[in-house]
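Take a look at the structures listed below.
Both of the next two complexes hold chain A, though its partner changes from chain B to chain C.
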Partner chain A sequence: MARKVEIALGVGLIVALGVVGVEFLLLGDRAVAYTPMSATTLSVRALTQPIPDSVPNAQQVKLGQYLVRVGDCASCHTREGGAFLAGGLALSTPFGTIYSTNLTSDRHTGVGDWTPDEFYAALHEGAQVHGGALYPAMPYPYTTRVARADADAILAFLKTVAPVNERRSTNELTFPFSIRALVHGWNLLFFRPGEFKPDPGKTAAWNRGAYLVTGLGHCGACHTPKNSLAADRPSESLQGGTLDNWVAPDLTANTRTGLGSWSSDDIVEYLRTGRNARANAGGSMAEVVSYSTSLLTDADLHAIATYLKEQPARPDVKPNDPDAVAMQRGAAVFSDACTACHMEEGAGQVRIFPPLRADAVSQQPDPTGVLHIILAGDRTASTTTRPTPLSMPSFAWKLTDEQIADVATYARNSWGNRAQPVNAKQVSDMRSNLALTDH
Partner chain B sequence: MATNLPAVDAVLAGFGWTGAILGQQLCDAGLNVVALERGAWRDTPTDFATTFAQDELRYMWRHHLFQNLAYDTLTIRNRTDQEALPMRHLGSFLLGTGVGGAGVHWNAQIWRFLESDLKAYTHNLQRYGKAAVSAYDMTIQDYPLSWDEIEPHYEAFDKLCGTSGRAGNLKGVIQDGGNPFEGPRSAEYPNPPMAMPYGPTLFAKAAREKGYQPFPHPTGNVSRPYTNPLGAQLGQCTYCGFCEKFGCGNYSKATAQTTILPYLMMKTNFTLRTESEVLKVETTADGKRATGVTYVNSAGEEFFQPAQIVILSAYVLQNVRLMLLSKIGKPYDPHSGEGVVGKNYAYQTMGSVNVFFEDKIMNPFIGAGALATVVDEFNGDNFDHTGLGFIGGGYIAQLHTGGRPIEMIYTPQGIPKWGTEWKRAAARNYLRAVNISCHGSVMAHRGNYLDLDPTYRDSFGRPMLRMTFDFSDNELKMSRYLVDKAADIALAMEGVSAVKKNYRTGSWSVVPYQTTHNTGGTMMGDNPTQSVVNKYLQSWDVDNLFVMGSGAFPQNAGYNPTGTVAALAYHSADAIKNQYLKSPGPLVRA
Partner chain C sequence: MSDSEITRRQLLVGGALVGAACVTGAAALHDGALGAPPRTIKGAVPWREGTADVPPMVQGTAYRFFTAGEQAFIEPAIDRLIPPDETGPSASQANVHVFLDHQLAGAFGRGDHFYLGGPWPKGTPEQGYQSRLSPAQLYRTAIPAVEAYVRDQHAGKTFKELGAAEQDVVLRALESGEAKLSGADGKSFFDMFLQNVLEGYFSDPIYGGNKDMAAWKMIGFPGAHYDYREWVSRHGERVPYLTVGIKGRPGWSQG
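Our next item is the complex of A and B:
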């Protein structure tokens, strides 16, 4: 059951990614359909619109608005075509569908009637108002660290969000996952409610970063590997996770797969604009950047960078040597299909088309992310300062499994890169996981 | 019966370059803006992905990105004593449609007009006398604005596009390696020139030997990765050779899609409605004020979109037609010379020289829309026209736009156009030939104009636009002069074995491709009896109506028009934001 919950969580994030991924396409529909705006545009507006000082408890509401950005709540609690935070996003899983909840101020279907105690219980304990446990698709193992004052502020902001009477669709989970009570068992095994404890030996910035990363920001929900029962492996914190056909890369000090060779400023620029000299934010991270990190203060981004820069390096795993002939074939495919944007030697066009030389995503031990991007294509985060959703097209229809395996092996093992070679079976499996047609 | 929609501050009829510029400028000023585009949404990864084949047959010859003439076309004739007929196939110019307009399939040749181009009437009158500006039934006029007024707006467009080039005149100081004839620029180009392939390099060398001052063509195919002032990003051009008539998948060509839309589409005070064709500008009963536009969507439903400001931002031919259909301004009558709407339609006079080599491989497929070296000695009034019998001129360029195998195979003089001998010559010369373009002006003449066709109607029952146009001897002499000068340079190119001159002769024909640079018909000027709009592109008759585009040109210069079209759009937007909104009404007192 727990494994399935893990997958549900991952799939939820991917569904959220889908929203951002097609946003530019949907803008066309928006254009034809007259008024509806994309969920991204609406959410970013709601997340940034000034709170008038005339609002009672304006300071608290402003803080709450900011914390909703920190928590990236809009990604899962807003569906395409729906109102801001009205929920209803379908988190599809192989075991059924979970729908995100309505967080607007509606008294019947939203949080309009919730008391601060009830809201804190949800964040802190994963407990629902009307009894029963939340499914851990809601990252309460992280939000448990949110300070009470911050939780109160979030609720104060949610109570200013225009009420939308929209009852959440009933989850469509198959038996036995439909039995909520089973979550109690999972909680018993893996979840300990707890508050954030600052480390007095560290700087204020580090502690703030730790609070954001391990708390409301819930970075580890994707970036920390899970055990067989879908809970974080605490000893491998932020070493990179694989979720539903994506890799959330290693964020430790490993210089090859992690952030070891990124400066703090590199991290800040990436989180603020969705791109830097080393990488572009794509996949589900694109949405995190659009709804969350690009809207945070410089101080908080620096705090996050400070904390991330002090994560002990993930141990290296020595990959096998690539086959020389496969490398030759891969070089030919790379020259034909990749160099127009990624340039010779994988140098990239920094901040526009990411370099592949010394690229962490390319060198993750698990090639899932690389194969996903080559097969399905990808888009860079659109942010207010860097709005272009620079895109890579799908090569699923254009390259064979063998060609994709070869070029992935080549990119993972050229220009100083080093990672496990890829075989055609892995590409074929990914192709069917992504339901993409054969070449 | 049209459905009434909620009023907006400004409505844009047409959503190509000028629509996008005005949309961005007015939304940033806080206006609530709706844009109406008759064609479909298009963006880089969906419609022009790098994985798509740049298929010449599909895009160039079967007009994949162009206006579908089965749906809407125009009628064409050379002279008023002929009957104009509706065109089922366009060759000479290729009209765009859809988001981004013809700016999607352009070459991205970004030029500024010469200072003397802006004063074509006064300048030529003073230098060559009355006969020079009135011969051939010429009806040329000055542009009603100065270099200093337009230069900042040229600069804004260069920064938007990341124009790659080398300044020839920086704040009045002539710069080595740039165009010494250009007006003073306030800043160097945002990006350096593209790397030049072999042909343009040999051309520049020969031109220098002839005493000319060749320079790299300014281009919106960016030479290096670029982030513009709106934060929109362009990737470095790959020299793939598929710009004109194609979309760019590499984000390398400056278009509305690459430079403005990522920013504008995020704006909550901007709405785009595609597949919505404007039928008419509606006015108050006295005809003094526009109330909005009537448009029809793809389901055939009609809507009235009220607006405080109406902006015609379609292509020049549609803008002129909408003015005529909406009965705004006095239509031009070529017999009496009265009226202004449709007057001074002009075009471009294209000549060329094919240059053949025995032992040199030119690799023509290494191309980009504006990948060229250019000489400007024979443009505008950069040279003494005394005794030549014409005014105007053009630039001469060895332009490597690409090596597209149907359109761009050159064979020497005397080779048949098909059959075994042609095949042999085509195979022999594909890699060994280059083309020199002579991109010439067209002056305005009394008999060249646009009006509504008396016979033929479109699918909505509206009269089609009728184009009456021919080259005059002024243009043909000018073009011949340019071709001869180009051939002189060609003969000085290292390793040249043969030169073929392609003079422009006889009447203008709609069949062979020349260039999509149609101008005039809503020309700008100093007073309402001789122009349709003032220098801010504001209608003299309806002061809340602004008409964008090259229709404003009193006559066409020897350059590609988009740089000037964009600069005029910025100039207009600036006036709307900083003058009109504060005090609505005529911005120029007639």
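Our next item is the complex of A and C:
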């Protein structure tokens, strides 16, 4: 999920420089190239391999390994086909390509030579070891909340990761976006460094959840809406974001779009297995579940659930009524093309094919996620408990833009669902964003 | 004819045809298609965003395989096998000739799904199609032979110029094997031709035939629905599904 943040932040950075107008932001998603999901096996093995007690600082290294799971560092710092945490993943932005850094213990190209102070500065201030600011592709606005002891533990673990001498490719940003020093401008505007401060009025579980969600876990990087300069809107924390042609759904107590109708156990099951009675983890969240949440302790998952369950509900926005004839056409498409898996009445087949009735992704105000899934297909997370990654194929070849708009409108407004209708223009825009053709 | 009687010329013509078809057809292969190389899958089932196992779809109705002379035989002949009547359209009204044409121009015509190597002893009827000819070669050699047979039997007329009853006599003679063709096995050809016409009439419209799903509607077949499990226990109820093809039905676009 962090990858998407990086893109949004990268865009925001550039806009904040005042070099280009906001219209570039609007074009932003369109130019983002699709990056295939990296194979999870290698990273999951490295993230779960037992650390022998004979290692001098075994306890610290074990903690560091665990925190690397919490931060989902592997998603961005491991490229497809590359070594664990050796970086080099290309993060495509409309302004060029940013490559993730090498976090292995290599002394020349990795963090082998880094001191704890230098590493803490990177997490806490977004400062690079050899001077200059990190691009906010790295979610330091979140990792700034990480406690010093945890930062030290992460570095201790990284120093045990087999060294890979792999210098990352030079970022291919077009001028003037290539001027790294200009990041300071963005930082001045939007970055507030500071470790997490527990709220003494809340339970230990809530505070632990808050530390994970708003810190290393950087959930809001995707799930919090961004302002026009692509920085978080603090007042709308976790109300759902749109980036890289995906929707990161509302995580507040809203019963329609958020987690209001999910129990804490539902949240824990979803994060642990990638599926529950309400939803399957797909899109970018599939990686987050595979590399991160499925590998966390029960206590931490319950803490995350406790914190999320207390987020004030996102205010409802009343959608327009759908056109009756469009609903009729949508019902026809749904009955013929969707019920094989999602069943009549959108009941789904629980923990196999996600229900669409009362589904939050379907009812997000922004239909980006629904359209992405219909056009390009989707695959659920693979986890130890549910290893088989079920997939949905692309329907771009089978359905026209009008048919996709109608069936999306139908699914968003049937069986008790309610959300803004979709039009064919939105579908055709998404089709070109995803570089999919019509047949 | 028996397969051992094939002429050198027919083989050469057929070989050139197969070569040409391979050049044009290779790019169209997809997973699971006839002639696609087998793959070994390890670990997770492969999946890539934006992809699906898209069936090869016929675009337009222009001829790609049949020559003008062959068209003059095929179009009337398919309508003797499936004539128009009050229950449904004729084969040509359902675009069966388009289906045949595209099938013969592609993997089926090349015989990608057949073993076409020797030896070629005459097989028993139970052994099905036994020939060194690919389907495209069979059509290409048999149609002129049938026309030659018709000219011989009907004072120089072509098949198209015959009345319906006379055309039926010719087709029956091919079916029974009574018609002895020069340079082609009339019965092998008729058997495959009839089979292909039925396939075109009842296949999904994306393959060129069964225009407007008319053949399916005629027999009450609801078409390409994934399954009916939700209806299995609902005895006595009429399944409300309307006839639908792989690429949909009018209701998907019309209110």
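By definition in this document, the second predicted complex is superposed on the first by the 399 of 439 C-alpha atoms of A that agree within 3 Å, B and C clash if a C-alpha of one lies under 4 Å from a C-alpha of the other, contacts with A are read in each partner's own complex, and residues count from 1 in each chain.
By our rule, a contact is a pair of C-beta atoms (placed from the backbone, for glycine too) under 8 Å apart; a residue touches a chain by one contact, two chains touch by 3 or more.
Bear in mind the structure is a predicted one, so any value in this text is a computation, not a measurement.
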Look at A:T41 in the shared chain and tell me whether it touches chain B only, chain C only, both, or neither; answer first, second, both or neither.
both
Once chain A of both complexes is superposed, is A:Q59 in touch with chain B (first), chain C (second), both, or neither?
neither
What is the contact status of A:T203 with respect to chain B (first) and chain C (second): first, second, both, or neither?
neither
Looking at the overlay, what does A:S335 touch: chain B (first), chain C (second), both, or neither?
second
Applying the document's definition of touch, where does A:T385 land relative to chain B and chain C: first, second, both, or neither?
first
Let me test your reading of the model: by the given contact rule, A:G377 touches which partner, first (chain B), second (chain C), both or neither?
both
Is A:P393 contacted by the first partner chain B, the second partner chain C, both or neither?
both
For A:R351 in the superposed arrangement: first (chain B), second (chain C), both or neither?
first
On chain A, what residues does chain B touch that chain C touches as well?
34, 41, 340-341, 377, 379, 382, 388-389, 391, 393-395, 397-398
So in the complex, which bits of chain C are touching chain A?
43-45, 47-54, 57, 224-227, 230, 241-242, 244, 246-249, 251-255
Of chain B, residues touching chain A in the complex:
37, 40-41, 43-46, 49-51, 99, 225, 227, 230-236, 238, 240, 249-251, 258, 262-263, 265-266, 268, 271-275, 298
List of chain A residues in touch with chain C within their complex:
34, 36, 39, 41, 325-326, 328-329, 332-333, 335-337, 339-341, 343-344, 375-379, 382, 388-389, 391, 393-400, 402-403, 406, 434-436, 439
Can you list the residues on chain A that touch chain B in the complex?
24-25, 27-28, 30-32, 34-35, 37, 41-42, 44-45, 340-341, 349-353, 377, 379, 382, 384-395, 397-398
